[in-house]
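Scrolling down, you'll hit the structures one after another.
In what comes next, subunit A is part of two complexes: it sits with subunit B in the first one and with subunit C in the second one.
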Partner chain A sequence: MNRRIAIVGIGNTDFNSMTPDVSWKELMFEACQKAYIDAGVDPRKDVDSFITCAEDFYEGFSIFDEFVPDQIGATLRPCCTVCGDGIYGLGNAFMQIKTGQMDVVSVEAHSKISDLLTFGDVVLHAYDPLFEKPVSGPVERQNYVGSPSYPKEKPKPIVGSSNEKNRIHPYFLAGLEMQHYLKKTGTTEEQCAQVVVKNKKNAFNTPYADYEANISVEDVMNSEYLFKPVKRLDISPNVDGCIAFVLADEKTAKKLDVEPIWLKGFGWCSETPWLSTRKMNADYAKMASDMAYKMAGITNPKKEINIAEVDDRFSYKELQHLEALGLADSGKAGKLLEDGELDISGSLPTNTSGGSLGVGNCFEATGLQKSLEIVTQLRGHAGKKQLSDVDIGIAQSWRGIPSGSGAVAIFGR
Partner chain B sequence: MTFLEKQTDPTSPMHWRGNMQADYLYLSGVAGDKFFKHLMKNDTFLATKCPECNKVFFPPRLYCEDCFCEIPEEKWFEVPSKGSIKLFTIATIDSYGKKLKEPKVIGLINIDQTDGSLLGVIKTDKPDEELQGVHVEAVLKPKDKREGTLKDILYFKKK
Partner chain C sequence: MMSMKKEGYPKYAPGTHVSRKDIRNKNKTYTWWEPEVQYSWAMGPAISRFLQELKNGKIIARCCNKCDRVIVPPRMFCEYCYKPTDKWLYIKDTGTVETFSIAYLDGDARRIKDPILIGVISIDGASPQHGFMHYFGEMKPEELHIGMKVKAVWKPEKERTGAITDIKYFKPLKGGGK
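And now, the complex of A and B:
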């Protein structure tokens, strides 16, 4: 089955620090409805398969995939959830269409993180419970006396309990990794601060962004250290929002009244989960991009890629990822930034959407937010920030603290 | 979408406040069991060495993540509960984003004679000092108080 696969519909909600006006299901309905209208398809008749991307603990549901068919038009249809970022969803949609079993597949990812009242503790739960998580502090423990496995007569001792109350915020790992990146490459904290300034400025031209701001490098440098060298403004703030894509095979795409944007390549990779042996060089991004470049037939990414949206959930991550993707030489991404090459007017416009620093951290929707910007630019619909001569773009996402996993997608006109 | 009027007060919408009672037992496993039982009786750590590539795992594992081979019994050995600080950070907020009473220095400590590292709290009088490369030792609970968890390591301090 050698058929090309296109993005034929995109839809997104506004992104906001909180969305008390709608439930998470209504948020999904809004983005999906927009994507189906954009593609000109009826989900009840024309979409053959539906993919959502979510993480049970962020959602607050067990077996999250059971909760999705109704609000995306998928009841009594093939539907599944990928436990990962939206770009993993795009890859799965691509493969489903390649089988010939499906012609049109939708992919959805969202964040309704404002519903989660214990965000820090849920992320701490992603550290190894025996060898890593305990460093954050005590675990609140229930008294299990009376539960079947803890007989009343002889309650088992509460292992690991202490009088301390505070657990350290899980983002401390970014402090360790940023220190590693700065020392290894000679990149400076000021250069990282400049990423924040650039992305928040870019976000002014992204209508759905929530954290656009006109700030200076000094403002970022003067924000307090939370996990030295990570400062408050180096961290992308959490937002709610939803994005949906519709993908179709070439034949179907050409029948729709929309300019197809081709999904030319994708890749994904996971490093060891053990912090004890992980190298912290974003090798997951390197391996994922190697796979995607090969598939897309890209041999010289620096020359062939016109626009990049890379994961910038911490400021240093943008520079680290550009180097891992081979778009900058090792340790040279900061220099590219200083020279203005990563600006909208530069040779490698990066995070023209504002990235996660400007739009907000939308968790599993991050990869789709990056892809949304690339597809919008390739369609020529990016408004004031529209680039001229843009043919190939790359979107890259990381699964966030404390993971060493990520995915890459390459789009072309 | 027919949401023409939007809510702006986050507390006014109807909602249900729920929580997941999600508590687990995480078994130490064969390798963890051996490691923690040793730590209860000794002031040293255990590590394992891959028979094919000689990578030394700390915390010890029963298999090599590079070669995907088993690590046999004879490849277990004792290492000192010491190491050098590979990376460190100073954490100032708790998991709810509130300021910690005292900032905590967290280090990734490369344990001596191994290729592995361990996250640990570092006690130091001068939190702002450069700690990279500094040699530290684990301060352990008194033997009669140890429980066989990572909490038996109280913190790391400069030697």
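And now, the complex of A and C:
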């Protein structure tokens, strides 16, 4: 089945640090309804298959899949959940359509991370139980607002087997990787700070962004070290929000009243979980992009890619990822940034949406947030930040700490 | 076994079971972790109102004008028509047993002497097969049957917290017929 596959519908909610007014169901309903209206399809008749991307521990349900169909229009229809980032969902939709079994497939990913009270513990729970967990984690359990024991009982001491006083927050892993990246490439902390400044500024032109700010490199440099060299402002803050996409095969896409944006290639890759064995240069992104470029027929990404949305959940990650994707030479992404090449007016506009630093860390929706910006730019609907002459864009996401996994999608007009 | 030893097998060859004591005393290699996972879900407008009304001793539903359903527990959108629902409607606190089970094991899989009666109730005033799961009380296990008419027994107003357990259980509805 050699059918081309297009993005024919996009929808998203506003992104907010907290969303106490809605449940995850209403959040999903809003984004999906917008995507179906954008595509001009009725989910109850026209959509053949539904995919959501969610991680049970973030949601707070085992088998979260069961709680999904109603709000995305999938009741009594083919529906499945991908436990991973939204770009993995796009890949699955792509493959389903390629089989010829499905013509129209929807993909949804969201974050309702504000429902999770013990965020640090859930991040920690992704760590190896023997080698990594014992050094990490909070010293004492907190009693969280909303838990039945709040505020009466004293916090419980943490369980485990190592010296409790030496425990550190699981985000320390970013400190390890950034240290290694700076030393190896000669990139500076100031250059990473500049990523934060750029992205938070870009976010002013993204209506759904929650962390837009007009700050300076000094502001970032003066924010306190959390895991040296990672400073407070180098970290993307958490947000709630939802994004939905509708994909269709070429024949169906051409019947719809929408400009199709082609999903030309995608790829994904996972590294070893052994931290000491990883090269810490985002090989997962390199391998995933090699796969995607090959599928899309891209031989010179630096020349052919007009716009990039790369994972920037920590500031250094944007530069590291640009190099892994072959969009900058090793150690040279910082220089491109300083020269203004990554700005909206530059030769490789990067994270024009504001990225995770400007929009917020939306967890499994991160890849779709990146893809949303690319599709919006390719459609020419990006408003003030609209680029001229964009034909090919790349969206890349990382599964987040502590993973060495990620995916890439390439879109074109 | 004796002959195996004579033939020079190492003495651990037959193997020994790992005992609970071995685990407790850390005589065997294992690793253990207890994650702390706590959530506080925002319930959204439909379920929030539903829970508030339970506190008032009432059951409230949402209506979809397109498929004419009275939906309980209420939702802000109709999953069949895929559109927002249209209005609130108080319904009764009586209903019909759709299905039931008599449970003889507690949460820890221990035998319970007095079995617990549990089932699904369609609430009167809602569309057919719209309701929720709850306990049954004030009846013998052998009385409970599909199609039985039942009525909610509420906690005293002061003890209600805005939870599904503000209803203690459903009891037989007198004069409710079979």
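The working rule: the second predicted complex is superposed on the first by the 382 of 413 C-alpha atoms of A that agree within 3 Å, B and C clash if a C-alpha of one lies under 4 Å from a C-alpha of the other, contacts with A are read in each partner's own complex, and residues count from 1 in each chain.
By definition in this document, contacts are C-beta pairs under 8 Å (C-beta built on N, C-alpha and C of every residue); 3 or more make two chains touch, one makes a residue touch a chain.
This structure is a prediction, so every number in the text was calculated from the model and none was measured.
Scan A:D121 for contacts with subunit B and subunit C and give back first, second, both or neither.
Touch partners of A:D121: subunit B and subunit C.
Applying the document's definition of touch, where does A:G60 land relative to subunit B and subunit C: first, second, both, or neither?
Both partners, subunit B and subunit C.
With both complexes overlaid on chain A, does A:S276 touch subunit B (first), subunit C (second), both or neither?
The answer is first: A:S276 touches subunit B but not subunit C.
Who does A:P69 touch here: subunit B (first), subunit C (second), both, or neither?
The answer is second: A:P69 touches subunit C but not subunit B.
Name the chain, either subunit B or subunit C, that contacts more residues of subunit A.
Residues of subunit A touched, subunit B against subunit C: more for B.
A:E132 contacts which: subunit B (first), subunit C (second), both, neither?
First partner only.
Is A:Q33 in contact with subunit B, with subunit C, with both, or with neither (first, second, both, neither)?
A:Q33: touches subunit B and subunit C.
For A:K332 in the superposed arrangement: first (subunit B), second (subunit C), both or neither?
neither
With the two structures laid over each other on chain A, which partner does A:V22 touch: subunit B (first), subunit C (second), both, or neither?
Once the two structures are laid over each other on A, A:V22 reaches both partners.
In the superposed arrangement, does A:R44 touch subunit B (first), subunit C (second), both or neither?
second
Which residues of subunit A are in contact with subunit B in one complex and with subunit C in the other?
Residues common to the subunit A contacts of subunit C and of subunit B are 20-22, 26, 29, 33, 57, 60, 114, 118, 121, 124, 129-130, 159-160, listed in rising order.
Quick one: which bits of subunit A touch subunit C in the complex? Just the residue numbers, please.
Contact set of subunit A toward subunit C: 19-26, 29, 33, 36, 42-44, 57, 60, 69-71, 73, 75, 112, 114-118, 121-122, 124-125, 129-130, 133, 141, 144-147, 158-161.
Which residues of subunit A touch subunit B once you look at their complex with the stated criterion?
Touching subunit B: residues 18, 20-22, 26, 29-30, 33, 57, 60, 62, 114, 118, 120-121, 123-124, 129-132, 134-137, 142, 157, 159-160, 162, 166-170, 172, 175-177, 179-180, 183, 224-230, 272, 274-277, 280 of subunit A.
Which part of subunit C faces subunit A closely enough to touch in the complex?
Subunit C residues touching subunit A: 31-45, 47, 75-77, 79-82.
Quick one: which bits of subunit B touch subunit A in the complex? Just the residue numbers, please.
1, 3, 6-10, 12-13, 18, 20, 23-24, 26, 28, 32, 55, 57-59, 65, 87-98, 100-101, 104, 106, 108, 115-121, 132, 147-151
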